[in-house]
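Multiple structures follow.
Two complexes follow with chain A in common, the first pairing it with chain B and the second with chain C.
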Partner chain A sequence: MSLVPAEFYWRILPELVLAGFGAVLMLIEGGGRAGNRGRLGAYVALLGSLLAFGAVFIQAANPGDAFQHMFRVDGFTVFFDFVIIGATVVVVLLSMDYLPTQHLERGEFYALLLFGTVGMTFMVGSVELIMIFISLEISSISTYVLAGYRRHAPRSTESSLKYFLLGSFATAFFLYGIALVYGATGTTQLYDVARASLTPIVGGGEADRVLLLAGALMFIGLGFKVSAAPFQVWTPDVYEGAPAPVTGFMSAGPKAAAFAIFLRIFYVALHSSGHAWFWMVYVAAILSMCLGNIAALLQTNIKRMLAYSSIAHAGYVLVAFAALGPEGISAVMFYLAAYVAMNIGAFAVVSHFAHREERYVDVKDYAGLGFRFPVPAFCLSLFLFSLIGVPLTGGFFGKLYVFRAALDAHLVGLTVIAVLNSALAAFYYLRVVVFLYMRQPAEEIAAPPMTGAFSLVMIACVAVVIWLGVFPNRVLEFASRSAAQMLR
Partner chain B sequence: MGYLNHTILSWVLFLPTIGGGVILLARSHRAVRWTAFIFSLATFLLSLHLPFHFDSAQTGYQFVQNKAWIPAFQIHYFLGIDGISLWLLPLTTLLTFLGVLVSWKGIQHNVKAFYFLLLILETGMLGVFASLDLFLFYVFWEVSLVPMALLIGIWGHENRIYAAVKFFLYTMAGSLLMLACIIWLYNLTGTFSFPGILAGLRAGTFHLTAGTEMWLFLGFFIAFAIKVPLFPFHTWLPDAHVEAPTAGSVLLAGVLLKMGAYGLLRFNLTLFPRASQRAAHWIVILGLIGLIYGALVAFSQKNMKKLVAYSSVSHMGLIIVGVFTFTAIGTQGAVYQMLNHGVSTSGLFILVGMLFERRHTFDLSEYGGIATAMPIYAGFFLLMVMSSVGLPPLNGFVGEFLLMLGAFVARHGYGITAAVGVIVSAMYLLKWTRDTLWGEIKRPANLSLADLDFREGFVLGVLGVLVLVMGFASPLFLNKVSTATRANLAPYAAQARPEANRLAELFLAPPARVPASAPGGRR
Partner chain C sequence: MHPALFFIFGGIALAGAINLLVQRAPIYSALSLVAVMGALAVLFLLLGAEFIAFIQIIVYAGAIMVLFVFVIMLLNADVPEPTRRSKVAQAIGYPVMALLLVELAGFFAAAFGATPVRTGGYLVQVAAVGQALFHEFLLPFEVTSVLFLVGVTGAVLLAARREERHGAAPRATRVHAGVPTRAMAEALSVPPNAMGGAVIEPAPQPESEPAHARAQGDGR
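And then the complex of A and B:
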């Protein structure tokens, strides 16, 4: 009998595949002929992420703990792995079009993407704070670099630097929180923390207060990662400056992963002080929704608008978070799945229309595109209607689930604010649709070709958005089952 | 026949969607138009199955279809109709069919998208009237919103974008409140099924406190009041109507406004009877204000389309008065007047649209003496206006008469105010007719206007025949409605006044007929 049982490796198979292909990409980048390296890298990355996606099924078939209870495969892990790796596949496809247009095609882009994904998938599966921290760093550092990938564009460099400085600041808070948790309970394993917090080793109310402080510090760190107000200031600049596919990626993968550990840490480890951190979530939810939506109303740059909209959506997720129950967890999960699909889809169309040096990213540039490029424009409208929350789209069902969870927890005030915010948000999403179909163009944008990769992205995102909107039953049931599993 | 009866609603609902899909494949404008023509006609013919096989004696819902859709949330694909919704479906399919015809020449750009949206809109509207699951109802409610906003925004007139966005946001705000209330009800009862919730509430399985009931009532009420639109929620309507293409106006006035009145009748009155009674007085007053205010504003309009739009505000106000009198006669009148308004106001919008196609203006002062050049047109114009005025024995008379009786029975003050409102509406309609059809010919262009061609004559002919049939043979329609309206008013039966019952027997009990000449008291 070996020290490490074989099923431990099955349980981290997606991560192994991703890391392996990431390493291969680095080797290709070093050797090989210049010129077609980028293209080759793209195909390798695509293969790697697709295999990793398949590996999640194998992972799902081997539930259980691994590596001294530091890693856990349960429905929750599997759900988020599908979401995150799915997002990576889509972003790889998108970059296959985007990078050559911008003359940025290099293999290391894809390597960074895969390594970042490794970090995120480890994040959602880890049930131990040090592991969570390390994987958070892996994912963050990759994203910092990716954000600055258009290194000749000052905005992109600015974006990367801002993200890096503020991001490291926030992770420091998070790390401090971990230290305090260890101090209060003597362990960093989440489920042990939960148990220990009921019978504190330090004794008395002291530990409670230390845990609460730890919770507050970790809340700051994670609030930054999910761009919840009041820790959202970095978001618009970073989203605007980063290359469009990377922005799509940042708004999806890292955000979903951060929410996943958010859920695990607060619902499991800090469960006993729920009554106290509930108010942090409550206030952050209101601030994020209101700030995000009001600021988005004022934007004319589509990437900035979507950045603020993503802050608002973090707010909706926090509404479900505040529901403090299994309903809340599964609502968060479903919402994130729908959000990832529609948001990446929207950024995909934005990067499709962006052209070299991202010249066309203003709402005005979209005037009259609706009838000139019917397919991408129709898809973009669908994603925007889903972001508004119109029925038969995933976004609608996500909102419904969130409102329901909140009302079930008697958070009537919070629900009313969320409802009013959704109505407000309709205005700025609708403005893009108005420009697409109802205004005459000032300047004729040349037709970007509909490549195979872009078509695949559109088909995948549209299919998921519609599927989650029309036949959400399987995903709903899976989410509520995994929510129950996670709390155990 | 059994199979058809159990699936007919789905066929009617989704035939237009299939048509929309086929349209996307069509190559030429001609093919697109004919595809839309065929599918909308087929849907209309298929929807006629409903009244022919509807059992007017049976209580409860007919043509029911109930399948689990999203079991995790207890959401069902649950369709069925009763007397209240029965006629609204053929009305919708007919008006969509006519909408296809009136757009034949008027819509020349992006033809494919136009007809596609028109047919999707039809599915949404039909679904609203046929859904018995609150979630499904909400889905169709929103599905009808998006295509209409796009129809206004893309094919409308100068100010179309403002109008489309205003329309979308107003309706969206209202319907989100409704959604919150639907979820609230679901959390209280554990089901989205409307008959299920209703049975539970009546049997006392679920209990709503007075406060909760009032909040829920208001949430639904605001959504529906915006759609009706009830004064003071009406400001989106004139903009939307003026800017919409003719087919858009026809469906907006003919069907979408009915969705609001239908919702009030179907959901507010039955689910929240106590709150309805508490609020009724104020709502009736709002309805009466709408009736008179709409008529007065219409009187002073210079834009023909705005005039018809405000006339809708006025007519819908009276319908809401009828709904909130809680009398059998008023409710019947409301249901019937919804159909009448759908026919006559659509007719008026089509007439205005035809003038616009010839002269490209809605300005009243541009017209005058049209009757000389367009005698057939003038005949139809007169017929539709008289139907809208409520001249006996046309259809409008039956509806208005019942509504006013209902208002009188509920409270004399309501009846008197309603009568005043109806007189004002006769004033602006007759003035409009005089200024347009007769008088001196101020513009030489009006001398050489072409009269109706075959297509236009056909569209107006269909509506004209309906105006006459619904006026002379109203029992044909009303008999199928009465069982459902009585059932709908069950919670209010205890408070009904004896004279209301006598009146109901006089006018409504089959086979009693509505007399062609009113027994006094009209105006």
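And then the complex of A and C:
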């Protein structure tokens, strides 16, 4: 008798591929000759992430549960797997551009990227809280280490330490929430929790209260991971100190994965207490948007500015989250897909211009770059326009669907605040564009070499941003179908 | 009986946890953690989870705490000053230790030559743990290995000594006296006489490092 049927392995194929290539990377790093190991590692990581991206198609062809209902392959899983692994492919390419200029290229960097992706992809497919917790930890610990990767830069170490300490604290809250869910319902499987919460084992009202407390604790843990206010304080320091490609990675993959489990836990397992946790989401959405945008207005360091902007974007996503329905889910999914593409793109340009030891990360350094480096500057402007939500970019439809979901749920006040915030946000994004094209540089920064890897990153991000901005329908349809599937 | 025991050992666990936080010397914190682990094991025992209770003692109080203590002793050689209370601990500790040794000796003497006893229920419980671990929770069990791998890789990446130093000056330049040594001056890549024997600042941060230091680093 075989305990593990073959289709279980097909369902976790992307994760297996990524973990396998991560292990191979470690072997190369141990045995290879110094000097070209890092480069070889980069190619292996690129191959691994591309194969994993392909493996998602095989995974998608084998829908269903795996491993005693711990892992579920449905449209939702497949959607986020594409987004997350796609982001990893782009970040690997970006690191191939960035790490050699910093003289920091090592195989372990790529191994940690792949392992982190294993965690995130397991996270989005897991329908069981212990599994979610372990994969959340895998993704978090890899990001803590990657944030401190520039060991000789005090800011990088500071970033890593802050992220680690606060992150561990947040994880403890999440874990406590899991324990309470188990206490109230006797199970950790999300769909069983949903069923059990209707017929609780603890006496009626008490179980409801315990579940609500569990929801609040898990909200703190996940709110930290998606950097939603009031759990956002770590974001600017960590984003500023981490190496630029890692910052791009952090703001994309782990954030998308955390939102994915946020949706699964709250929409599925804690569905019965939705009326109560709705207000948590509501308040967090308003706080994140306002705090993020107002603080971003005051920044001159472009990485810090993008950090605050990422807090604001978490707020927009929470607006859709508060809509409580399949429309909200599909809006969140679409928004995250667009956000990942435009944000990684923006950080790619930042990391391209950063130079050795990340010397040029101030808005003033971008003065006049528009005419000296037309292609990266044009791409950066496009990503910033997309972050504003200008039509013909993915960001526009992302915002549109978010606002529509909120309006359909009669959240007029919340939508008005969100629209006002998007208008406010335009100021600081446009300021960068103004510097790019309309200011004279004080110091001419040297031309960074246009590598093939960087060109590919630009092509990929621009293509996705434009594609989502011009033909959003197929992606949105897929998202709506997955949302309906997930709630079933 | 149970509620009283629960409050006693819960109180010990809580007191140990608070002591862990307020102690300044890491070794005291580690020892309070042992007390917390021990008290938790008793709580598990009260809940009827014997297997978990013993695993708690063997794995946490035994293996992991020993590792903690070793690491603290290796990394941080500061010997904490004995306080007045530690004399009290001595006065109580030695008699208790003697008592335990006598009890242990008595136990071995009694066990010598006794017929072995069949264990009944435990085996079933162990089987149940095995079933849960390797069947129901197989996937999390396996995925945990990735988690450990990430932890080890991260520790090596962040903490291990590295042969190549890419241009950055070493940061751990400790200044014991006010007079700079040649090695320090080299590390700072400034001629010794330029400092004039003044108190040395910490090694320059790479981000504000002078250009010539960077150039020299590249040449290595």
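Methods note: the second predicted complex is superposed on the first by the 487 of 488 C-alpha atoms of A that agree within 3 Å, B and C clash if a C-alpha of one lies under 4 Å from a C-alpha of the other, contacts with A are read in each partner's own complex, and residues count from 1 in each chain.
Here, contacts are C-beta pairs under 8 Å (C-beta built on N, C-alpha and C of every residue); 3 or more make two chains touch, one makes a residue touch a chain.
Keep in mind the model is a prediction, meaning the values are calculated, not measured.
Partner contacting the larger number of chain A residues, of chain B and chain C: C. Once chain A of one complex is fitted onto chain A of the other, the partner contacts of A:Met26 are limited to chain C, with no touch recorded for chain B. In the overlay built on the shared chain, the residue A:Leu430 is in contact with chain B alone; chain C does not reach it.
Look at A:Leu487: by the touch rule set out above, it reaches neither chain B nor chain C.
Across the two superposed structures, the residue set of chain A contacted by chain B and also by chain C is empty.
Note for the complex: chain A touches chain B at residues 371, 385, 388, 390-392, 396, 400, 403-404, 407-408, 415-416, 419-420, 422-423, 426-427, 430-431, 433-434, 437-439, 471-473, 476-477, 480. Touching chain C in their complex are the following residues of chain A: 3-4, 12, 19, 22-23, 26, 34, 66-68, 70-71, 102-104, 106, 108-109, 111-112, 115-116, 118-119, 122, 128, 130-131, 134-135, 137-138, 141-142, 144-145, 148-149, 151-155, 160, 356-359.
Touching chain A in their complex are the following residues of chain B: 69-73, 110, 113, 138-139, 142-143, 145-146, 150, 153-154, 160-161, 164-165, 168-169, 172-173, 176-177, 179-180, 183-184, 186-187. By the touch criterion given at the top, residues 135-140, 143-144, 146-147, 149-151, 153-154, 156-158, 163-168, 171, 205-207, 209, 214, 218 of chain C touch chain A in their complex.
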